[in-house]
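Each of the two complexes below includes chain A, the first together with chain B, the second together with chain C.
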Partner chain A sequence: MRRALSHPSFMIGVVLSAAILAVALISLVWTPYDPGQMRIIMRLKPPGADFWLGTDQFGRDVVSMLMVGTRNALMVGLVAVGLGLTAGLVLGMLAARFQGSFLDEALMRSLDFVFAFPAVLTAILILTFMGPGLANAMIAIGIFNIPVFARQARGAALQVMAQDYVRAARLAGCGTFSILRRHVLPNIAGLMIVQASTQFALAILAEAGLSYLGIGTQPPNPSWGRMLNDAQTFLSRAPLLAIFPGAAIALSVLAFNLLGDGLRDLLDPRLKER
Partner chain B sequence: MSVILEAVDLHRHYPLPREGIFARRRHVSAVNGVSFALEEGKVLGIVGESGSGKSTLARLLVGLEAPEKGEVRFLGQRISGLGDAALRPVRHQIQMVFQDPFGSLDPRMRVLDSIGEPLDVAEPGLAPEARRERIIGMLERVGLGEGALTRYPHQFSGGQRQRIAIARALITHPKLLIADEPVSALDVSVQAQILNLLLDLKLEFGLSLVFISHDLGIVRYLSDRVIVMQNGKIVEEGETEALFSAPAEAYTRQLIAAMPKL
Partner chain C sequence: MAATTGRVFGKLLVRSVATFALMGAAAIPALAQNKDTVVICQTLEPPILDPSAGAAAAIREVTYANIFEGLVGLDRTSKIIPRLAESWTVSDDGLKFRFKLRKNATFHDGSPLTSADVKFSLERAVAPDSKNTQKWIFEPIAAIATPAPDEVEITLKTFSADFLDGLAWGDAVIVSEKTIAKAATEPVGTGPYKFVRWNRGDRLMLERNDTWWGGQAAIKFATFRFITDAQAQVSALLAGDCDANTNIGAQEAVPQLMSNANLKVNVGRTEGETIVAMNNAKAPLNDVRVRKALAMAIDRRLVNEGAVSGLGTPIGSHFSPNHPAYVDLTGAIPYDPAKAKALLAEAGFPNGLNLTLRLPPPAYARRGGEIVAAMLKEIGVNATIEPLEWPQWLERVFRGKDFDLTIVSHVEPMDLNIYARDNYYFGYTNPAFRAALAQTKTAKTEAERNAAFAAAQRQIAEDQVNVFLFMLPKVTVAKKGLSGMWENWPLPANPLAELKWN
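On to the complex of A and B.
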């Protein structure tokens, strides 16, 4: 615990992530304005007392849009990472348990196939089939997360299963699934949490990318990625319109990466105090 | 005296990594035609240098691995080559203590649950209170107190961990215990304590013991019979005193000559 407090990047990550989460939660009950409300006379206002970060080309309040965008970004991260983590864990542990079998080979090679394509390209491909939208974007990002988690789960599970305590559990008469649940899962959980934090940052980035391309979050639901795209047209007249969502994306990616890095250090058993 | 454990012509080899994709896969044979019988209540010592196949033999005897050829019989019944499910009824009668007490206890499991694990499988209907009582009794028997229950393995020394591992092995009252180098990872001062504990428990529980070690002094101290292994084969076998005082084979004489004299 004391080590966590004195770990600078972990603490910065925690504070930033908590702030982002707080903004997302507040947006559920309160935003300065309705983020979808247009006021053409107020269009492209610079930051000021009425509109803290100004307005966009339709006169919508940037602060309100950013806040709801935060909520969307976190939701995408949560669902996509949740999907990837759950499926990846199950597949990875199965592959590890039946290491060298046909099942293992079939699973890992088909995941390699998904892995071979650049992540965002995979998502674009999936969205072309399923149609654009926030829900489909979450699933698409989740799908390209599966191989990442599955590979790591398999590797870590293999390491755990070579330990004598797993042999002892077999001698105790524990079955395959009880060993996976009681011994393998708790011992690889730390590693998977670290990975989840990093993937969370990547998922937010991917959602922004997909929305920028117009196949992620659909209007009028605000998204950082689409705000960037909209701002592009007015870059010379209102450069701040692009800076704010860009900063939001950069900051949240930074936050979850720092969190992941910090967790990796803190959970590393070699550094653990005895 | 009846025979509790019998090994009949056991063979086990492992594939070596391929040297090229078209190269033929080669094998190293770890156990190569090992046969012996252990009488109930006796201690069988197995000695040999590293790589002589002792640990592989241990895994074959407890059914963690299956031999390619030959069979292991427990109380006259074949147990080798059975699946985990088919083995379950005899599992709690054959237990094992491992060499490395840092790897044989799950770092994320409390001592209570580590020791309780075999019990949960053998007697699933046991009430939590009775389970706890049994575990405390066993902990006290191996020289640890009730305070150990809720602690984690990293809070114990190597010797204490080995005591916990022994408690886990004996909680279901097995008939046969395979000890694979149980003291070689421990300090010399702790070794004697653990060995004496094993001997006491053997008498108390009526255990038959297979004791695997590269330390001839320890094997001589503990065993009724000794098997000397080299390259996966038995070189010599005999009653302990006869074998140590008049070794028949050159390899055995070499091993004995290499023992440190105190």
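On to the complex of A and C.
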């Protein structure tokens, strides 16, 4: 705990992430205005007392949209990373248990195939087949997360399984499933959490990118990426309109990256002794 | 050592100076050449280049009066002018049209234009296997006679007041039997510009036809560039990559473009009735109460404001305010969400309903769609937005009729007749409307004809076939030195022969 407190960038990450989470939670019960409510005669208002960050091209309140957009971004991150983590963990551990078998090879090579494509390109490809939309975007981002987690899980699981206590457990008659659950999983969990927080930041960025391209979150649901795209045409008249969602994306990616880096430093046993 | 290095640098310096000098020399003719080329940017790319075989307006935007011509044409003021026919006479009963063709008109492949080509073109357009989307133009024709190579005589079955107007459309162009098979990708016409190359997804290149019957156009090389993204269109204009844009998608950029010293901006009119089209053939929108409820929930003035920066003209029926027979029906169904809710409950939907709103790419549709969806939500109608690309839209909505709501602009002039078509995408049939429309064709006087048009306008407004929003504006932007762009669109066309550099 003391080490955590004395790790400044980790603490910044924690505070920022907590603030972002708080905004998302608050948006469930309160936003200054209904984020979908249009007031076309009051469009493109600069920040002021009524609308703290101004209004967009349809006269919607930017603060409310950003707040609901936060919820949207976190949800995408959670679902996509959750999907990638679960599938990746299961596949990775399976591959590790049957190391060198045909199953291992088949699994890891097909995941390498997915991994070979740039992440966002994979997502665009998947969305072209499945059609645009938030749910499909989450699945697409989840899919390109699978190989990341699977590789890490396999490598880490192999290390654990080479330990004497695992051999002892196996000799004592423990089954494959029970070894993976009782010995391997707890030992690689820390590593996976670290990876998850980094991937979380990437997932938020990917969702913003896909929505910017018009194939992620669909209107009327607010999304940072789409707000950014919409604001682009009004850049000369209302430059702030693009800056706010841009800052929101940058800030949240920074927050989760700092959190992830800090966690890695704190959870890595090799760094612990220093 | 130092001396050697110095010498090498010296040589390099000399060489680079020489290179710059060469580049400078090359740059001067390039600038001068600029007067011989023009790059016109537009939003949509045509799917094919045969204007007599496709619905997409973009086909005629690039080919009309450029590659292909009809017997007659429309000028920028919507007046009928002679094109391949230098003159014509009409019999007193209005049933016989005698066209005298231009003697010096030839196709781009060198073959002369004859009355046989005219007969072939018009008969092909109305043939059962024809893909022409405006067959109504040719349907009144009973017979086409070719008494001489430069004379065509068309006899009509019944009097048709808009026959000559129809012949002026881009769908009624004269093509050659020899080359028509390849017209979709390598069009051969009679116009002032010849087809050179088409880089799909990017640009279409044309070159002046030096043997055009009308003389030589001022500019030798013309290029149409296709830029869908509204913001990219503005950037291309500001960067000077486009000499003109026929109708920009980002109307909100007008003040920014106007303040640019190199550009001139004109806000003009089109014949584009922009509507929320409803699937009249399918429940729940086959119930006029539901359609009326949706219309009451949509405030067209605000849609106009939010979708096209208020540059459009609100309409209450499918008819252009530019026409003398226009009746202002914008007040017929006033905006009233409370009444809309009540009407929806009466129709059996007290808890609202779910509909799809499939949107084509133009900014007016995507933005208008967001506003319409928000307005419908106020009365409990949940319209799920689904963005589509044009080919998908044509396939699923226009041909497949797989939609509840869509937003689209019908850019052809005087296109009220789409409401009388069998199997048209919004699925409307009403004999009373068809009777009124038929009267517009048989009417002998202007007053009688206009009265019939008024009745037809009222009928579709009363049946609330679609929600009529506004006339699409035409925001033409051009470099200051370029003149001749059409400022209004009596029909969507960009005749390049009228352009010149000052």
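By definition in this document, the second predicted complex is superposed on the first by the 272 of 274 C-alpha atoms of A that agree within 3 Å, B and C clash if a C-alpha of one lies under 4 Å from a C-alpha of the other, contacts with A are read in each partner's own complex, and residues count from 1 in each chain.
Note that in this section contacts are C-beta pairs under 8 Å (C-beta built on N, C-alpha and C of every residue); 3 or more make two chains touch, one makes a residue touch a chain.
Treat the numbers as computed from the prediction; the structure is a model and nothing was measured.
Asker: Considering only touches as defined above, state whether A:Asp164 meets chain B (first), chain C (second), both or neither.
Answerer: first
Asker: Look at A:Ser110 in the shared chain and tell me whether it touches chain B only, chain C only, both, or neither; answer first, second, both or neither.
Answerer: In the superposed model, A:Ser110 contacts neither chain B nor chain C.
Asker: Is A:Gly173 contacted by the first partner chain B, the second partner chain C, both or neither?
Answerer: Touch status of A:Gly173: first partner only.
Asker: According to the stated criteria, A:Thr128 is in contact with first (chain B), second (chain C), both, or neither; which is it?
Answerer: Neither partner.
Asker: After the superposition on A, what does A:Thr86 contact: first (chain B), second (chain C), both or neither?
Answerer: neither
Asker: Which partner does A:Ser101 contact after superposing on A: first (chain B), second (chain C), both, neither?
Answerer: neither
Asker: Where on chain A do the contacts from chain B and from chain C line up?
Answerer: none
Asker: Taking the touch rule as given, give the residues of chain A at its contact with chain B in the complex, in rising order.
Answerer: Result: residues 163-165, 167-176, 182-183, 186-187, 269, 274 of chain A touch chain B.
Asker: In their shared complex, at which residues does chain C touch chain A?
Answerer: Touching chain A from chain C are residues 230-231, 234, 250, 252-253, 255-256, 302, 305-306, 367, 369-371, 373-375, 377, 384-387.
Asker: Can you list the chain B residues touching chain A in their complex?
Answerer: 59, 62, 64, 84-85, 87-88, 91-92, 94-96, 98-100, 103-109, 114, 117-118, 120-122, 154, 165, 168
Asker: Which of the residues in chain A come into contact with chain C in the complex?
Answerer: 36-38, 40-41, 43, 57-59, 132, 214, 218-220, 232-234, 236-237
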